[in-house]
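So the structure is just underneath, and the comments pick up after that.
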Amino acid sequence: MSATPHASDPAIDPALYLPRMARILEVTPLTAREKYFKVELPEPLGHRPGQFVMLSLLGVGEAPISISCGPRADNMLEMVIRDAGSLTHVLHGLKPGQQVGVRGPFGSGFNLDDFYGKQVLCVVGGLGLVPMRSLIQPILAQLDRFASLTIISGCRSPAEELYRDEVRAWERLGQETGKVRVIRLVDRTQNLPWDGQVGLVTAPLSSLPIDPAQTVVALCGPPVMYKFVLLELTARGLSHAQIFVDLERRMKCGVGKCGHCQINHVYCCQEGPVFRFDQIAHLPEALQ
Amino acid sequence: MKPKVAFFDFASCEGCQLAVLNCEDILLDILGLVDIVEFREAMSETAPRFDVAFIEGSINREQDAERLRDIRARSTYLVAMGACACIGNVQARSNFIAPAENFQRVYGVEDRNMVQTDPEFWPLWAHTRVRAVKEIVPVDFELRGCPLVPEEFVHLVKALVTGATPRFSTQAVCVECKMNENECVYDQGETCMGQITRGGCKAICITNGYRCDGCRGILPHANLAAHHGLLQSKGLSEPQITNRYRLFCSAESLGRVGRTGHDK
Amino acid sequence: MSAFFVHKEAVTQWIRHLARSNTVYFPQRAGQSGFRFKPVKETTEIQFDRYQPTLAPPGKKLAPAEEPLFRYRKQGDAAPELVPILDQSPRILAGVRPCDLKGIHLMDRANREGHGDPHYLTRRTHTILIAHDCLQPCDDSCFCDAVGSLGWRDNADLFLTSLEDHILIEVRTGPGETLIQGMNFPVCTDVAAVKSRAEAQRAQPFGRQFHADLARIPAIIASQWQAPVWEKQVERCFSCGSCNLVCPTCYCFDVHDDFDLTDPNAGQRTRTWDGCMLPQFAEVAGGHNFRPNPAARQRHRVKRKFEYLTERFAEGSFCTGCGRCGRQCTTDIDIFNIVNDLIDHAEANS
Amino acid sequence: MTNNAKTYTIDVHHVTRVEGHGNIRINTRDGVVEDVKLCIVEANRFFESFTRGMTPHEIPWVVGRICGICCVGHQLSATKAVEDAQGIAVSPQTVLLRKMLNESQFLQSHVLHVYFLAVPDFVGAPSVIPLIKTHPEVVKRALRLKKLANDYTEVMGGRTIHPMSNTLKGWRRLPDLERLEQVRNRLAAAVPDLLETVGIVKTLKIPGYERETEFVSLKHPDEYALYEGDVFSSDSKSSVPVSAYRSVTNEFTVAHSTTKWSRWHRDAYAVGALARVNNNFDQLHPEAKSVAETLGLKVPCYNPYMNNVAQVVEIVHCAYNSLAMMETVLNGGLQEEDIHHTAQAGRGFGAVEVPRGILFHEYAFDEAGRCCDANAIIPTSQNVNNIEQDMKAFVPLMLPEMSQEELTLHMEMLLRAYDPCISCSVHMLNIDFVA
């Protein structure tokens, strides 16, 4: 006789790994290596700041990409993609009208409740500005609900600056409202014209006019940056519970199955990529 | 535009070109993706420039190195195809033997004396040293193995067509052995190069009852000290171990394992 | 549920009988020393006594080395056609030992957590498990008793215990029940008595034992982040990943796309086994590797089995003590020894 | 303009659609052939030198790398030589499996050569690729046949190029009978394709030049010799054992030589399909004989261009013979054999027929069981002398009738007809005399 199967499992979602199709509306080069993409989904993404999607091209592959825009009611999704490998290279060759696959949104993200009424400090390095923009946009949209917003954004050289005009617009908004401060830095000017400061993102921290007790920090950048920024912040008297970090790990599925993104016992794609630092500070692999 | 593809062979058994011709069931589909403009083993045409040059064979003489440089200058991508082109293959064992000795062993004392006294012959044997393609010109991609793995060839062609980066295994042969559920060669009382050898071949030799001899070359992260110790602990003598390391991956193992210099 | 006490010969006949209308996997000799779970054919030898853990655990039949996730076909401007590939073919895994039975239980947990994995779970619902108890350790590599796998039977559909020339068949689920319908097996009237006779035959102690109680091990290992044990234990490691790939509770994977040569608009996305001992496992674009050396990777593997997943799922241990990783490691790195070394090191330094 | 006034320098660099690199150089002055040379420009690989130190088991596996096209033949010839040196006798089962493995490569190689390398010449195409458009059915049929032959090799040997299943004493992993049965069924069904092949070859216009020569091949009392036998000469009508192969090849160097030459009873001899068909015609499968008749191949045949026809005859022979061998295996099953062997000292000889002719291997091992001497003589190196003699004989005949282009093509065709395998040129001095 043939075996009868077990009862169907309610946990089965046949579409878990199937991307939804989105149409590219806009592709704009931001730097030599990064391009801005605006795509339109069949329905609103419904994401929180700091979440990511799994972006794919059928026949090429799939990769985790941060959502770069704040939560929005329309079907738009904005991303910035660095030509770093197989999929991202092919993506760079795409034009408006072509299709990409999207799964998600995935991950924890930032919770605006943690930031309301606070002096918000965003420290970003390089590509870190891309996900951070998804937090900065909603803050700017309702500035009166926050005490202030300080953005320290660093990159290696003026040629690598992302969202150049938009960041300057935030700066102007700061001059108008007095509530926003933007500090732009480069490691080196490389003889290019530069209207900001020169140095690492840690430099302005020690003299920043903030009230440690009233401050919440969001941090995103390359792996080397975290350790030094955290040291500075601790020196300023901030506790780990006031700091949110956005981490990167290798990810192949986005849904806590492929095992690549594990930081000690934590799954970066599930519990992260945004963590309140006190919850992972004890993990030896968190800031490696 | 279909990429223009050309094949060139140097010192080799030409088995890799044959492995390409052996993809009978998909050969016509591949020809739908690329234009083959030069393939001496199979056709008479030649071409001045190409998008992709596939190089088979090791480079043993200066005249070959010259020809290779010329090919490099005429191609956008250059692919080293097979163990000879990637790592020198078995013939690189002769690098460990004095050139005159090599010559004498193959052609006899008389011929050796003849070529040694006639300057016209000198460049032909005195400088013979087996080199991998990357020792002479930059290589964009490598199709490793003796012979190459047809699936990898197809993968590379597809990647070249889509613009994606082709991905080749940088893991040990053990990985594919486990995927095939093979019994470990060591459990059969034999020794194996699989742990330090680049995978991608689907562990085909072990799957068919043999051991891995390392034809795909040594992994960048290979723990050679541990492997050497393991072979010792299995009773292999130092000459036996040297012989094993130099069976296929001689050029790549130069200076990395065993002794260097000329053996007697 | 019901229980039967059946002559071994009849059980053998029954398994062959099942194999006529089902795919039945049973451990069969492979090569000189190993066993594999292979489909039963008319000529297959069915025997329960001489057993060595199979090269790959039976649970891997639910998560094969390479499996398609979906097929696609692009259709110009319209949305592409996407078809998930879910394997609904029924299968019976027979002769599954307690360690592997627990391995499947742990895989079930990991695959059901959060977003359930549709591919694993679909196969799982179409799989029936016929397990078989161990009264003697299979060899000197296993340590199932030390990690609490030995008595495991929770997820078996049928649980078999051999006693001399008879086998006790305990039916545990509905799908298990259907497999013995119509067999007219002699009902076992006193299950407890048969079991206690079997229990009396069980080896004592059963296989290797840790130097500390299982309950204390996660905390001990957690305290040993910097222990010299890690470096010492992996000096010989090849980073070959064999230990991951043969483990009944390793489930990590990599994903890649491939299009069809015959129609470049169609193709599939496929996943393949991956393992945290492999060097590139934690490498991200740009080349940064979060676990660049073998010691860090080994530590991650051991902690996954004895600390991380154990805590995450509140299971005693994510290692089932099957001993495969130590058996398959060509350089004799054995997770059992690592754990014992850590315990010893912790004791010596406390 | 009289034909006699022709002054040519024909200089074909790296002849295409052959295995390995060879140049043809022909000088004529005022209609007189001054010089004909076949130059082998393949780089040395020194197999006979670097095999020293290797174990008996490693030798056949590694020397298969002499040539990817004849890898099975090199492996089998070397296996036999090493077994001879090691005092190993093999079972009838192993002999049968090796014959199958060998014939699978005959099928593959002959199909490749006839369709992909030779046919384009006859229809005036530079390669097989244009034929995909003009003769799609021919190309597809050829691919189908080649695939079948390759699958046959893979089932027998583990993979098509450098197979690993065969070793000293027997098979590491016996062929899977289910897969063999599938190949058997496909081969049986391919007979119509084969006969189509014959039809196509019949339409080809084969140049009618002849030169009497000595044909050398293996000869066996009971069968068409491909795997075993003694070395037979059509001149002496007698055989010598394989161990006396040096008295057959008599390798020598000539002053202007581009390669080591061979000669036996006269100034040159030929090996290969035509030599075998000439020497062993009676032992061909009846179907193969009738195909020979259809295609006008009558023995003795001294037209080297007819080698392509002889290859077709052998395709048919191997197909039928393989079907019979498969039947034997499928009916009788296969037994696992003990293949353990401890290396010892000794010297041994081996020879098999490979598609291009007779292939000799010789090895010696020292007390530690490590290889200390090696020699391999490949068919093409035996043929080179004969090819040059053919060229010298034919060029004066062709010169009055042909343009330089035609002459060049005919010389290339002649070279290709021998199906030369220059990659294997273990014994060829790599000297390019072209200034």
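Think of it as A, B, C and D in the order they're written, each chain with its own count starting at 1.
Heads up, the rule we're going with is that a residue touches a chain if its C-beta (ideal position, glycine included) is under 8 Å from a C-beta of that chain, and two chains touch if they have at least 3 such contacts.
Please read all numbers here as calculations on a predicted model, not as lab measurements.
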Mutual neighbours - chains that touch subunit B and subunit C alike: A
Averaging each chain's Cα atoms, the one nearest the global Cα mean turns out to be B
Given the two chain pairs A-B and A-C, which is bridged by the higher number of C-beta pairs in contact? A-C
Chain whose mean Cα position lies farthest from subunit D: A
What whole-Å value do you get for the distance between subunit A and subunit D if each is reduced to the mean of its CA atoms? 65
If you average the CA atoms of subunit A and of subunit B, how far apart do the two points sit, in angstrom? 44
Subunit C and subunit D: spacing of chain centres that average the CA atoms, whole Å: 52
Please tell me the distance, in whole Å, between the geometric centres of subunit A and subunit C computed from their C-alpha atoms. 38
So which stretches of subunit A touch two or more other chains? 59-61, 85
Give me the residue numbers in subunit C that touch at least two other chains, ranges are fine. 256, 258-259, 264
Residues of subunit D that touch at least two other chains are none
In graph terms, with chains as vertices and touches as edges, which category applies: line, ring, star, complete, or other? other
Touching chain combinations (by label order): A-B, A-C, B-C, B-D
Contact residues on subunit C for subunit B in the complex? 30-34, 36, 55-56, 65-66, 235-242, 245-246, 256, 258-259, 261-262, 264, 272-273, 275, 278-280, 294, 328, 330-331
Give the list of subunit A residues in touch with subunit B in this complex. 59-61, 85-87, 89-90, 93
For the subunit C and subunit A complex, residues of the former touching the latter: 18, 21-22, 69-70, 72, 74, 77, 79-80, 82, 84, 86, 88, 90-92, 110-118, 121-122, 124-128, 173-175, 178-179, 181-182, 225, 251-259, 264, 267, 269, 271, 274, 276, 281-286, 288, 290-291, 300, 303-304, 307-309, 311-312
Interface residues, subunit B side, partner subunit C - complex: 26, 29-30, 33, 154-155, 158, 161-162, 167, 170-172, 174-175, 177-184, 186-189, 192, 194-196, 221-223, 226-227, 229-230
Write out the stretch or stretches of subunit A touching subunit C in their complex. 1-9, 11-19, 21, 56-63, 82, 84-85, 88, 97, 99, 222-223, 248-250, 252-253, 255-260, 262-265, 270, 284-285, 288
